[in-house]
């Protein structure tokens, strides 16, 4: 994250053990030069801090939140309940159900409180950064430019294979 | 609920449409003369009130909380995150997944924050009241007496069938 | 849709029979005064037109696309493959699998091509409009204002119940 | 387990191979100084002994039972059928269904005979001890004190990460 | 059931509401002139009677037991745990999981205690009677003769359709 | 298999790679001194031979058939379609669905053609031999005696653990 | 079916109750003027006739077989095992599993014996006729012409909606 | 692939990492001397090229297309949407859902656009080549001859085991 840039994206994980997945997110955010911050906050173990984070995010200039969690993954929903910023949810796989629990918990939000759910695990972690770039492109032309280059390269790389 | 008795059990549902299920809970609580209160509080639409309820429950003399919700049923977990009282979760069925979403969301809680999960729907609603009675029996002999009678009758009724 | 306003959101359904679900989306888009257009385009029966729509959407000033489909729901993914706009996917339920097919098809997108997946059916249809409002709030203060009012009302209504 | 203390919690596993999971339970029970006993009793291979255990538990002063089993996990249900003590069920994962069999067998109890079902495997094993502490707190202030400390430490540790 | 014939097959259901399914079983047992008895006995609500039934069945001359139950269907397993007679299990469907719970509970028995599991619901109820006839044919030539006729007729009827 | 004894049980596997599972079956059949034969016959690759085997089994003095297969496990059903002997099906696990395919294919037989389905994999393989012994006990007192000893030992061993 | 034309497609259903689904197939075969025959043949109740049908189909000039069945749907596989003609399988839905059983039984064929599996129920029934037309187009230009017209009309109709 | 022979079968994979699975397909196509070509084309990363390939395949003399993909496997469907050639789909397994996502995405095609779906993974990859041979046998007697030999050998090999 560039020092002087104001944080645009909050990346939240439920526990330290989820971090390896989110390195995928961060690699892409960095390559797009999108300023971000990374926090470990559990909806179940740190409900007050999680709630506080979501409540203050908009005022702090954050534009969207990416939340990743496993098992009964309430994190993205708990954040979405306290903010009007878009919340992107990344369901993480874990033994023994492989993520069926986390993606149903993340996806099946009731009317009024959407979570933009990504695919399970590393692919979803990468896609959360790309969706973030797609959303921020609405306002930041430099991010749109990077995104366009990324998509072009992605197409070429696959064909070159 | 008897007037002068202090509320022992908080029964919380995520939305008004969940109430028909919980009538099963209340019928049994009443028959055991366990004082209760019933609230509609959504973890996603009323996160502040939900959190507040859980935080204050113990001080108010409540001994345990029963929470029922459908879809990505975070309610029981959100309450459990803010109290050291036992929280009993009743996953409610809803179309089209029939409750697979709600019971995995309720059941698959991470280490440290248990939710005592019941079977899906009306059977679970009934059982939440019976488990409440089993727990309260630890302290209240009159509830234990009622519970014992209930279990005896249950056995006889089935055989009589 | 207000006449003179430029369309900001494209709402695409795979077939005419999907329209009743998307009336939920449109009701909310209208209440937020977000200009939209509604098209019936099948990824499988009208692949050329679907592809063309996605390719031209950005130039036409559209800011995001909502796509709803059932069964092996490729629509959102097919659109996302041809645009850098955010694509929100609404998996629709259908007999006999109830939407397990459509949400896995919508959700499990590969790295590089995210679809912001909503919950299944009407709840997801409603949430797609709210997520659209959350995203557009980044640029349009009047939508942010409406969204804030909507969220407040939602909380109060549930408690009033 | 402290020598002179009367056993409060019975921890039952279906077979010796389930013991590694329940070490998680025991570690926490010990840290809370909750006197427990550990038995290997299979609902299918030792039905008479299992039934006898449940029938006599209350008279022996046991306050609740934790039962862990895999496959068609009848153990918790079989115990619950013979006692009015609260029974906590821990579904254990096993190949090839990963615990879908054991948690449905444990969870889907009929009206009248609740089992407080925990999440699958080690997380559930840990949570069974914490739920036990939450229940016993109703009567034992010293356990409540330990529980409160545990919860505080849990929150801090996660944030410190 | 013919009066003077000794009962060969015990048909047990978990609750009265399961009886309509088992009428299919009984119709076929009758048509094969296999003497049977029908009991309502719940593994969870009448554990002592269930256990007693299984323990005494062999001595009473019963040759095999058919057990039908829904939800966390422990009935067949509980009977099998107390007898060396063959036990045939019929998983019954129930809302909202449609029998996934009952067939996994019936099927996934641990080593040493088999339950011969049939397909879910009415087809399984019918097949339990036919399997009973196949097993009893080992000893009773008149049942074998009936079975052979039944199978022939079944083939012809389907072709005639 | 003792030389002079007539084969009582036919054990059929779909392919050579299924044999390690069925060693569990054979170990128990041997310990009960039940004469058996073991064949590799695929319902899909050797339909004529499979059909022929089932058709002739009864005349050859075989009393029951155990069939084990993976994937869309038609073997037990194909055999059951051609004989009036009891057929026991053992669903074998295989990647990537872990046996959900094989147990539904084995279990969900239509009215008229039962397959006595066992649990998935090695536990089911063992149980198929025990069920075979339970069935043969109807006619062979020496097998019943062995079975009774086996069950007793099983109970004691588990408790001894 | 036109009288003088030789049958090109055999449509087989497992039981008479499956016919309403296959009317969808037949409507399309008729509109393409593809000569067909319709038979009721159960893999489990009429194994000999089913086997005979498949064995003779090629010699009779039949070019491909469409087979529809529910539950543990072995029909398509049983036919495929006895012919080198392409076999198209249509999994039919049935209560309570909605076709999960039938499509896994149809789909998960072992190496060497493919079944071209269609989507569940009526959509699959229609698609089986279209795939038949696509395959027959390889040899019959008049079918190819019809198919081309059908596809064009399908695209236009959806857009016109 | 023989040099001078015109390509009859197009084998398409979504990404280079899918190639190991399709080596199974190619081995069999080669052994049948069916000329083929192999392309890496992603429905999501190379939508234009994928669409172009399907559109031109028929004119180039290709007779059928085999498409293999994982996750939300749209590849076969996207190709089928643009051609009247038969399209065979091979769902590939991937962590953590093991292919439930890819086979539902491949299988559940809407009316009008069939995909001939094979079993998941390597068995399906092999079967796609055999189904291709079965289809091409309609027109190419030399392929029919090879196919007949293959089937005979397959049967013998299994029995020899």
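Some notes on this structure:
Just so it is clear, A, B, C, D, E, F, G and H label the chains in written order, and each chain counts residues from 1 on its own.
Just so it is clear, contacts are C-beta pairs under 8 Å (C-beta built on N, C-alpha and C of every residue); 3 or more make two chains touch, one makes a residue touch a chain.
Quantities reported herein were computed from a predicted structural model and do not represent experimental measurements.
Path length between chain A and chain F in the chain contact graph, taken as the least number of steps between touching chains: 2. Interface comparison, G-H against B-C: more C-beta pairs in contact at G-H.
Inter-chain centre distance (chain B to chain H, centres taken as mean C-alpha positions): 53 Å.
Chain geometry summary: the mean Cα position of chain D and that of chain E are 33 Å apart. Separating the centre of chain B from that of chain F, both taken as means of CA atoms, is a distance of 45 Å. Residue positions 15, 42, 45, 71-72, 97-98, 100, 107-110, 112-113, 119-120, 123, 154 of chain B each touch two or more of the other chains. Of all possible chain pairs, the ones that touch are A-B, A-C, A-D, A-H, B-C, B-D, B-E, C-G, C-H, D-E, D-F, E-F, E-G, F-G, F-H, G-H. In the complex of the two chains, the chain A residues touching chain B come out as 14-15, 42-45, 47-48, 51, 70-72, 74, 77-78, 80-82, 97, 100-102, 104-110, 112-113. Looking at the complex, you find that chain B touches chain E at residues 93, 98-100, 119-121, 123, 154-155, 158-159, 161.
Remark: chain A residues 15-16, 40-42, 45-46, 49, 71-72, 95-98 touch chain D in the complex. Every residue of chain F that touches chain E in the complex is listed here, in rising order: 63, 84-86, 88, 103, 107-114, 116-120, 122-123, 126-128, 130-131, 134-139, 144, 147-148, 150-151, 154.
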